[in-house]
Amino acid sequence: MTLDCNTRYDGGRTHPRPLSRQIDLMAGIVVTGASSGIGRAIAIRLAADTVARPRPTPTRMLIHYRCNRAGAEATANEVRGMGVDCQIMAADLSKIPTAEKFAQNALDQMGPIDTWVNNAGADVLTGEPAAWSFHEKLRWLLDVDLCGTAAVSRIVGPAMAEQDRPEHGEPEPGEPEPGEQKQDEKERGEKEHSENAGEGAAATPSMVFIGWDQAAEGMEGDAGMMFGPVKAAVMAFAASLAQTLAPRVRVNTVAPGWIQTAWGESTSEYWNERATTQALMGRWGRPSDVAAAVAYLSRPEAGFVTGQTVNVNGGWNRKFA
Amino acid sequence: MTLDCNTRYDGGRTHPRPLSRQIDLMAGIVVTGASSGIGRAIAIRLAADTVARPRPTPTRMLIHYRCNRAGAEATANEVRGMGVDCQIMAADLSKIPTAEKFAQNALDQMGPIDTWVNNAGADVLTGEPAAWSFHEKLRWLLDVDLCGTAAVSRIVGPAMAEQDRPEHGEPEPGEPEPGEQKQDEKERGEKEHSENAGEGAAATPSMVFIGWDQAAEGMEGDAGMMFGPVKAAVMAFAASLAQTLAPRVRVNTVAPGWIQTAWGESTSEYWNERATTQALMGRWGRPSDVAAAVAYLSRPEAGFVTGQTVNVNGGWNRKFA
Amino acid sequence: MTLDCNTRYDGGRTHPRPLSRQIDLMAGIVVTGASSGIGRAIAIRLAADTVARPRPTPTRMLIHYRCNRAGAEATANEVRGMGVDCQIMAADLSKIPTAEKFAQNALDQMGPIDTWVNNAGADVLTGEPAAWSFHEKLRWLLDVDLCGTAAVSRIVGPAMAEQDRPEHGEPEPGEPEPGEQKQDEKERGEKEHSENAGEGAAATPSMVFIGWDQAAEGMEGDAGMMFGPVKAAVMAFAASLAQTLAPRVRVNTVAPGWIQTAWGESTSEYWNERATTQALMGRWGRPSDVAAAVAYLSRPEAGFVTGQTVNVNGGWNRKFA
Amino acid sequence: MTLDCNTRYDGGRTHPRPLSRQIDLMAGIVVTGASSGIGRAIAIRLAADTVARPRPTPTRMLIHYRCNRAGAEATANEVRGMGVDCQIMAADLSKIPTAEKFAQNALDQMGPIDTWVNNAGADVLTGEPAAWSFHEKLRWLLDVDLCGTAAVSRIVGPAMAEQDRPEHGEPEPGEPEPGEQKQDEKERGEKEHSENAGEGAAATPSMVFIGWDQAAEGMEGDAGMMFGPVKAAVMAFAASLAQTLAPRVRVNTVAPGWIQTAWGESTSEYWNERATTQALMGRWGRPSDVAAAVAYLSRPEAGFVTGQTVNVNGGWNRKFA
C-alpha cells in the first residue's frame, strides 16, 4: 500500500532558488499538496493577496508536493511570476518520520511562518490506489490526511506559537518590537486588540485545514464511509489544535463541497448531475472558491476567527425537486 | 413598548445628496442599523473594499438608521470621504408596514443591489428599554431583529433575485449582456461558472444577516433566554431565505461573539473578564472583526458560499482553567 | 389576529375530577397542547410509562388545551383509563398574562412536577389562520410557540428547581428526606450520583420542548421562513433554560421531522412524496415516534442528558436519487 | 504497537453454552468491548430491557472482548442470571482480517441480529499503551475504534439489512411473513408504517456506535488531538453507514461526556474537578447513563430515529463561574 514516485523525499534540499537574506522580515507561507488542484489555487491566491496589499510585505512561499514535481514547479513558477519568492519541497507525508522531517526543514528554511495551509491529501480515486480495497484506501487516507498532517502540525503549530511574529510592512510608531512580544497569553490577547488595528501591525499566524462539508452528516456508499471519517477526523484535529494553540496561532478549516478538480472534470454525467443538483448554487465549486475562503481565514482581518469551519459547498440543497 | 425618536420615518426622503444618474451601472450597497457600532464598521469596510478593487465599480451606499441621525450622518460622511456616493434613510423596522416601505424605497432609490446587510437590531441593554420586563424586551427584539428584518428581506431578496445584475467593471468579451440574464435557475447556475471566472464578471448579489454565536448552544439567565431565541430565529430565517433565493441571491450569516461596542466599552469588570476568558483569542471582538467577515461573504470570490454561518467569536474557549 | 374558541381560559377551574389528597407523594406530569396529535400521543405514552414501572408511582397528569375541549377530554379519558389521575385545563398561551396564570394554576393544582412537556404550538396551516398573511402567521406562531411557552417555562422551571422532589416509590434506606434537599448546586450534583442509582430514588425533574429538525438548516418558501425561525427560537430558548436551571431541572428538545398528524393525513400527494422521500426511513413519522423520544428524555435514566436535541425525523436523506 | 493478551482470537469457538435451537425466532444482541465499563453496562441494560418487555422475545446475546476473558465471563454471567442466553467471543479488532472473521462468526452463531452495539475501543490511558508516543496511540485508536469497527460494520450492517427480521412476540393478524419482506426500499418504508404500530410487529434492526461529545468542538492537548479525530471519525462513519443502510437498518451514535469508568474512578483531583465542572449536571456520568441512551435507540419505539447522535454528557456547561 506504499506508493512510489520518481521524486523521493530529499530532506528539503529541493530549493532551486537561493534563500532570501531578508528571512527575518519576511512572511512565510506554506501550502502542502500544492502541485495541482485546490492546493495550487490556494498558493496562487495567497501570493496574489500578498502582492495586492497596500504596503506589500516581502513574502516567501514553500510549495510542498509528494510526487508531481513538474506540477509543483508549475505552481511555483506562477507564484514567482507574481513577484513572490517561492521554493518547492517534496515529502511523502504518509510516513510519520518523513512528515516530521519535512515540518522541521520547512521551519528551518522559511523562518517565521505567517500562514500554513494543510491541504495535502491522498488521492484514492485515480491511479493505482483506485483499484485498492476499501480498507487499503481508508488506511492510506488516514496515513496522509490525518496522521501525516497531524505529525506536521504538531511540529509547525507550536513553532508558530513561539516565533517572533513577522511584521506586515513597517510597524506603526508605538508598536512593540518583535523582541518584546513574549508575554503571557492574557496580556497578548489584550495587546492584540490595539496591534491589529494598524495596517502594519503584526498578526497572529494562521493555520488552515481542508475538510469536507459532508463529513459529519454522512454520504451513502464507500466514498461516504471513507472520506467522511477521514475528513471529520481532520476537522476534529483542527478544532483541538485551535484549543491548544490559542491565542498564539489561529486554526480554522475550510470544508469544500463538490469541487471540479482533475477528478471532477473527467467525471461521469452522474456526478455532474449530482454535484450541480446538491449545491444550491447549481454548479460545481472551483478550486478558486476554496482558495478565497482560505485567503480570508489567513488574513489579519480574520484575527478573531479561530476554531471555525467555513463550508464552501454552494449551500446544501434541501429543496424537494 | 414603542420607542420614540426625533427622526421619524419620512418615506425615504432623507437623501441629502442628489441621486447619481449612473444608477444602472452602479453597485448598490445597503447596511441597516449603521449609525454606530458594528453597522458603521460594516459600512466603512464595504466602502473601503469597493475603492480598493483593481478596477473600482462606481458604488452607491445607503445607510439605514432608526433614531440616531447624527450617527448615520457621521457614518455616511466617512463613506463619502472614501469617494463612495452615500445617503441615509430612517425607518423604524419594528413596524411591518414601515419596514416594507423602507425596503421598497431603498430599492427604488438604489437600483440594482449588490450587497444588502441586515444588521439592524433592537437595543434593550441601554436607554429606556433597559428597564422593561423580560417579555417586553423579547417582544421588542422579535419585532425589530426578526419580524422587521424578515419584512425587509422578503421584499428586497426577491427583487435582488430578479434584477439585472450590475457588472463589476467592464464585462469581458463574450460576457452576456444584462438583458440576456433572465434564464431558468439551472442554466443560470451553469453560466455562473464561467461568469465569475473573470474579474469583471457580474456576481451573484449577496445578503448577510447578523446572528449570535451562542444562540443555539444557549447562555444562562435572561440574556440567554432573550437573545438566544431571537438570534437563532434570525439565523434560521437566513437559512430558509438562502434555500428560497438560490442560486440568484446568496444569503449568509455572521455570528459575532462578545464584541466591544458602546455596550462593551462601558461594561463591568465581570463582563470584561467573561468576554476575554470565553474567547480563545483572549480578547473582546471588535466591530471591524465582524465587518471583515461580512466583507468576505459579500465579495464575488465567496460566490460558492451560501446558507452558511461564520462565527466571529474568537473561538469558544473549552479549556478548563 | 386573535383567535376565539368556545372554551375561554377559566383560571384553572376546569378540573372535572376531585384533586387527589396524596398530592405530595405524586409525580405530576403536564403536557401542553394535548387535545390531539403529538400532544395527545405524548400524554398517553407518559401515562403508559408510569403504569409500566416496576413499582408504579402514583401519578397525576394535567392536559392543557386551548379550544378543543372535546379533544382534551378524550385524551384525559384515555389517560384515566390507564389508571392515572388526569385533569384538563384551558388556556390561550398567546397572551403572556394568561400563560403566566396557567403556569401558576398548574403548579398550584399539581404539586411537585416530575415532567413538563411544552408541546403547545399554534396551528397556522388549517382553519381561519390558513388565510392570514405571512406576517400574521409568523406573529401568531411567535406569540404561542415562543413567547407563551417562555412565559410558562419561566414560572414553571424555577418552581421545579425549587420544589421538594417527588420520590419514585419508596425511598431507599439512607436516602435523604425531601426537607434535606436544599443544598448548593455542587453538593446536589454529587448527591445525584448516588440518588439516581436506586430505582426508588428521586430524579431530577425534566422539561421537554418540541422543535423542528429543519429549523437551523432551513427550508425554502414561506413555511421554512415561518416555522424555521419560530422553532429555532424555541430550541434556543430551551438551550438557555437548560443552562439556567441546571443541575436542578433537566431541559431537552425533541425535534420532529415530517409527522403524519391531522395535517399530514389529509395532505396532498406532493407532501406525501416529499415526506417519504426526505426521510431515510422512507415513511412519515408518527406522533408515537415523537412521544417515545419525549418519554426517554423524561425518565430518570436520562438523568445525565440535558441541553440536548433529539431529532425524530427518520434521518435526513442526503442520497442523490 | 501490537498488544498481547492471554486470550487470543479463537475463531469464535469460545461459546461455553450450547446454541439455542430456536435461533430463527430469537432476537440477537451483540455488544463489542463488553468485558467492563460502558460495554458491560450496555449489555446488562439491554438484557434487562429484553426481560422487561410485556411479551418477552427469546433473546440471545453475544459479548465480545479482546483480552479480559474474566470480565467478559462476569458480564455474561450477569446477563444469564437475568434469563438471557449469552455467550462470549474474543477478537482483536485492530486487525482487519480478525475483525472480519469475528463479524462473520458472530452472524453465523447468532442468526438474525436485532441490536448491534459497536462499543469496543482501544484503551491508551492505562497499561502498556499509556507509555506510547502520541502517534502510536493515535494509530492504535484508529486501528481499533475506526478501522476495526468499520470492518465489522461493513459485514454486519449489510447482513442485518438482508436478514429476515426477527419478530417481537407473535405477529399480529395480517402481518407479513418474513419471507415476504424482500421488497424495494420504497415499499418497505411504507409498510414499516403499519408494521411498527403493533407491539408484536417486526422492528428495523439497529446499530449503535459510541462517540465522544467533545470530538467536533475540540479539546486542548494531546488527549483532544487524539480522541477528537478518532471519535469524530467513528461518528462520521456511523452517519455514512446510516445513509447507506436505510431504511433496512437504523444507525445511531451515543456520544458520552466524562464518564466515571475504571479510568474515572482512579483519576486525579484535577479530572474530578474538571468533569464535574464542565457538565451542567455537576457530576460524572455513569456507564448506566450511556447504556440507557443505547437502549432507547435500540428499541422499536425509536424506529424513526436514524443517523442521529445523542450526547450523554450532563450538558456542556457554558456558564462563566
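Chains: A, B, C and D, in written order; residue numbering restarts at 1 for each.
The working rule: contacts are C-beta pairs under 8 Å (C-beta built on N, C-alpha and C of every residue); 3 or more make two chains touch, one makes a residue touch a chain.
Owing to the predicted nature of the structure, the values given are computational and were not obtained by experimental measurement.
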Subunit D reached from subunit B - shortest hop count over touching chains: 1
Taking each chain's centre as the mean of its CA atoms, which one is farthest from the centre of subunit B? D
Take the average of all CA coordinates in subunit A, do the same for subunit D, and state the distance between these two points in whole angstrom. 36
Cα centre of subunit C to Cα centre of subunit D, whole Å, reads 30
Expected list for subunit C, residues touching two or more other chains, is 217-220, 242-243, 307, 316, 318-319
Which stretch or stretches of subunit D touch subunit A in the complex? 96, 134-135, 138-139, 142, 146-147, 150-151, 154, 215-221, 224-225, 228-244, 307
Subunit A residues touching subunit C - in the complex, by the definition given at the top: 214, 217-220, 273-274, 277-278, 316, 318-320
Within the complex, which stretch of subunit C touches subunit D? 185-186, 188-190, 192-193, 197, 204, 242-243, 246-247, 250, 257, 276, 279-286, 288-289, 292-293, 295-296, 299, 301-308, 310-319
